[in-house]
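Both complexes below contain chain A, partnered by chain B and then by chain C.
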Partner chain A sequence: MKTHPLLIAFAVLTFAFLIGPLIIIIGTSLSNTSYLTFPPEGLSLKWYENIFEISAFRRTMVTSFMLAVGGTALSMLIGIPAAYAMARYRYELPAFLGNIYVLPILIPEIVLGFSLMKSVAVGMDFPIMAALLVGHALLVLPYCVRVVGASLNAFDFSIEEAAVSLGCPRWKAFFTVVLPNVRAGIIAGFILAFITSLNDVSISIFLTGPGVSTLPIQLLAHMEQFFDPTIASVSVLLMFVTVGVMAIVERTLGLTFLTK
Partner chain B sequence: MTPRLRAWALSAPALFLVALFLGLPVLSTLATTFGDPKGPFAQYAAFFDSRFRMTVLWRTMEVAVITTTISVIVGFMTAWVVAKSPARIKSLLIIAAVFPLLTGVVVRSFAWLIILGKNGILNDTLLWLGLISEPLSMLYTQFSVTIAMVYLFVPLMILTLVGVLEAIPQDLTEAAASLGATPAAAFRQVVLPMAVPGLIVGSVLVFTGSFTSYATPQLLGGERQMMMGTFLYQRAMVTFDWVGASTIAAVMVVVTLTTVLVMSKLARRLNPVAG
Partner chain C sequence: MTVSLSLSGITAHYGTTKVLEDLDLHVGEGELVSLLGSSGCGKTTTLRLVAGFLEPTTGSIKLGDRDLTRLPAHARNIGLVFQTYALFPHLTVRDNVAFGLKQRGIGGAERRKRADTMIDRVGLGDFADRYPANLSGGQRQRVALARALVIEPPLLMFDEPLSNLDAKLRVDMRVEIRRLQQANGTTAVYVTHDQEEAFSISDRVAIMNAGRIMQLDTPEVLYSRPANAFVADFVGFENMIPLRAVAEAGDAVRAEMPGGGVLTLPKEHFTVPSKEFILATRPEGLLVAPAGDGIPTTLGLRTYLGRAYQYQCDTPGGEIKANGPLAQPFESGTNAVLIPQPEQCCLLPA
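Here is the complex of A and B:
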């Protein structure tokens, strides 16, 4: 079947609709005016300097980055064994376990954030950073288990059995035989979880408190008070992070992984 | 250690995390809604009696349904073109769809603040074209929320449907054509039925995503266009009415879980490959 030219024109418009707003953000971030305007009247990089002059942005950038790395690492630490158990001991475990690990996606995120605030931050009296860490680890658990699990399902466990039957201890076989073979899945899972955590609003908005905030929450707060191009330049920095993430996913699993 | 014991031991930390930090907190949220002295369902009676709360619920439903409908139509037509493109163009188009998807929701909603504002690009352009004589107030309307939501979810729909359309074997449409089906008939009788399960999966993702969103209605709808997510936040963190907020949370959980369960059952029934 040939694709109708009108349909192609429609698709071109859709992609213009998808990319256009991002180009507008880049344009406004380069403006030398103190208000948001597009096309920019004159070019300047001063709004990029301004990001680093506002201490709240500096601080929350560091917090967000540490939280994304820490939360994902924690989630991987407990998610990889769970994914391994599901793939390796398929008939020893009930099938519904797989559904339990995706609950953090199934339950509305804002409900999860509110419930964590009530039970964990207030009820269990967790410090802000610990509550955020637990919340983010939970949020990204589905990515860790599913993406690593997809790699593990494609792994031939008879290789591991061969190592064990030749006298290799089980834990050593796991680290030297299994893990290197699913490296691509772990890297891709890590990076997808990282970006999810970095961009999170609905959980963090309930858990951030005095003195501790994340970058998206700080952006929201800044937007309510000021409407200057600083937000646009932070947005562009975040787009650079997205580019990096896409490059890593492309190298490891291929971007077509995301259409499956 | 038996294999079964080993399997459970490896699963234990993840199960513990979910049970302690998702299971218990969410169940406790749901439980508090039944603790009213006037009877277990008093909170719900109050919710469904209040005109304001029902307005918020219906507005959220409406925005979610409209967003889903537009995303399905736009996503399907675009995914069709992507799926039929030559390999090099296809990978470029997939990059163009993944990029916004991985860019944060705050950044993507912010773009629409610049576009739809009083002195925004859309108003400037319309003024310049002479189509309007005064800038329109487009922000903080149902329109601004919906367009930003469509922007948020179209990439997700495109990526879901590209995968679905690529999985339909080319042979089938060729077979239909060689048996005398017109392209329109082949599309309606062969392609569409096979795409239906994927369309349902994509629609569920978009519907639940827009129904429970927070950042976009907060930025583009504000107080005036309160939606379930922003309403829940306002009750919990501004008026500190935790029981009221829990009731909103419970309604959101029921709506999303019902949608997911009913639609995935429907997708399974309508799947021509499984049937």
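Here is the complex of A and C:
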């Protein structure tokens, strides 16, 4: 059977649009010019050095990663038990509960950011870091609940009952039997949540304040003043660090659970 | 250790729906009792109550002299085998079987030895290091069985354990279950909707309907002497002929069918339970004869069953099925009588 040429063209175009920006950004970051250009003119790593010369980039990068890790962890602490309860008692609990947890992605982020600023940052007078942490945890909660929930919905709760019947108390069965079997969902949820948090601008912009900012906001601020390839080099660095974190998460979560 | 299980006065609800109504059940030491019924009859609810996954509204559950009623499920020490096998997917066969021993604080070497012995007993010695995903349905159920047996529970409970297996394997596995249960002398409760399965391996069977036990007896008694119309229908008494006792004639009772037609029932063979009653029987319990003391009928469609002919018979009481001998086939439209065979007919209160 021959593949239709239009189908081939369509597939090539799709991949071009998916991969193209990555190539352009990597190329741009290596350019020896003081402006953004592609293909790169000359080759240089000076824009990578430049990231570490600008202290704001260093600071905001640390903040962003702390928020991504902390916010995701916090939302997992809330999201996993919530997803468990909704899957375990799906016939007893009202169906709309599941939708409530998705609200943070249904509401425009900018509205969520603004209302958090009014309520948490101003209204309750939270410190900036704490307000950001709450904001990010809320932002990524839908991913945790939904993705972990999908794993839990496919989980046969007879397995948990089997553990209990064999003498394992329920709280212990949750850790020894339920969690190891929804590991894939937890890893996937973590990765999605982590990236969402790391990328966020619209919520962070309302909650950052004097002296505290996140990397995406700093990138925007930098670009307003300079049009040099630092933007590109930061992006590339961010990309690789993210991939690295994901690999570590896969490895550690994967391995500890397998050796148990 | 052999103990008996006693449920007394158990009522249970799901929300506001009553699912069990004043249920009493006694399973003797080393006895295997099946709970048999269609879905929603309360058989699985009963099992879950004993396992501790549900709490009864009223009543008590005792295992030997231990009161289980309010005991948490993990402290009940009951071996459970599930319909879906419910093996731990992330553990090997050996670790699955050893799980219960680990919960009891039994050390590594001893645990491994006991698990391996049990794995050998169910014939899976070569599979101890496999994961459940790499086993067939029958092998998985053997692991589930080994996992429940290794903790040496005083009570074993099975929740439709064979319904995910194919027909041939079902027969092999039920024999295996019965063999292991008897070898250990463990008291057992077996939930199923399959009559053949329940009858074949049980000491006694409880036929359930709408949250009640309709009859609890040996398979032999249930099969030939159902106590009420529900059980009769359940075990395949296809003919339910309503009758009314009208007169006594010497050592017989004369009974009338609603649409006319009179039947003489010798007292020697039949005990009429009430004025209005039902004659329940399988098709082979009615003998088709050209004449005699029986239900008058016009024979309808004849079908060949191999061991007999079956006739759809038009009677004053409605259409009933009766078997006639192979040696003497009747043509459709023939007038005949259907003579109840005492040992295959039951008279039940209406």
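Assorted remarks:
What we mean here is this: the second predicted complex is superposed on the first by the 231 of 260 C-alpha atoms of A that agree within 3 Å, B and C clash if a C-alpha of one lies under 4 Å from a C-alpha of the other, contacts with A are read in each partner's own complex, and residues count from 1 in each chain.
Methods note: contacts are C-beta pairs under 8 Å (C-beta built on N, C-alpha and C of every residue); 3 or more make two chains touch, one makes a residue touch a chain.
Model, not experiment: these values are computed from the prediction.
Contacts of A:Ile159 after superposition on the shared chain: chain C is touched, whereas chain B is not. By the touch criterion defined above, A:Phe96 reaches neither chain B nor chain C. Shared-chain residue A:Phe240: touches no atom of chain B or chain C.
Between chain B and chain C, it is B that contacts the larger number of residues in chain A. When the shared chain is aligned, chain C comes close enough to touch A:Val177, but chain B does not. When the two complexes are overlaid on their common chain A, residue A:Pro169 makes contact with chain C while staying clear of chain B. Overlap of the chain B and chain C contact sets on chain A: residues 260. Every residue of chain B that touches chain A in the complex is listed here, in rising order: 3-4, 6-8, 10-11, 13-15, 17-18, 21-26, 28-29, 74, 77-78, 80-82, 84, 91, 93-108, 110-115, 117, 119, 121, 151, 154-155, 158-160, 162-163, 166, 173, 177, 183, 186-187, 208, 211-215, 218-219, 229, 232-233, 236-237, 242, 245-246, 249, 252-253, 256-257, 260.
By the touch rule above, chain A contacts chain C in their complex via residues 156, 158-159, 161-170, 173, 177, 180-181, 257, 260.
Chain C meets chain A in the complex at residues 51-53, 72-80, 82-84, 86-90, 99-100, 103-104, 144, 147-148, 151. For chain A in complex with chain B, the residues that touch the partner chain are 1, 3, 7-8, 10-11, 14-15, 17-19, 21-22, 24-25, 28, 35-38, 77-79, 81-82, 84-86, 88-89, 92-93, 97, 100-101, 103-104, 106-112, 114-120, 123, 134-135, 137-138, 141, 145, 195, 198-199, 201-202, 205-206, 216, 219-220, 223, 231-232, 235, 238-239, 242-243, 245-246, 255-256, 258-260.
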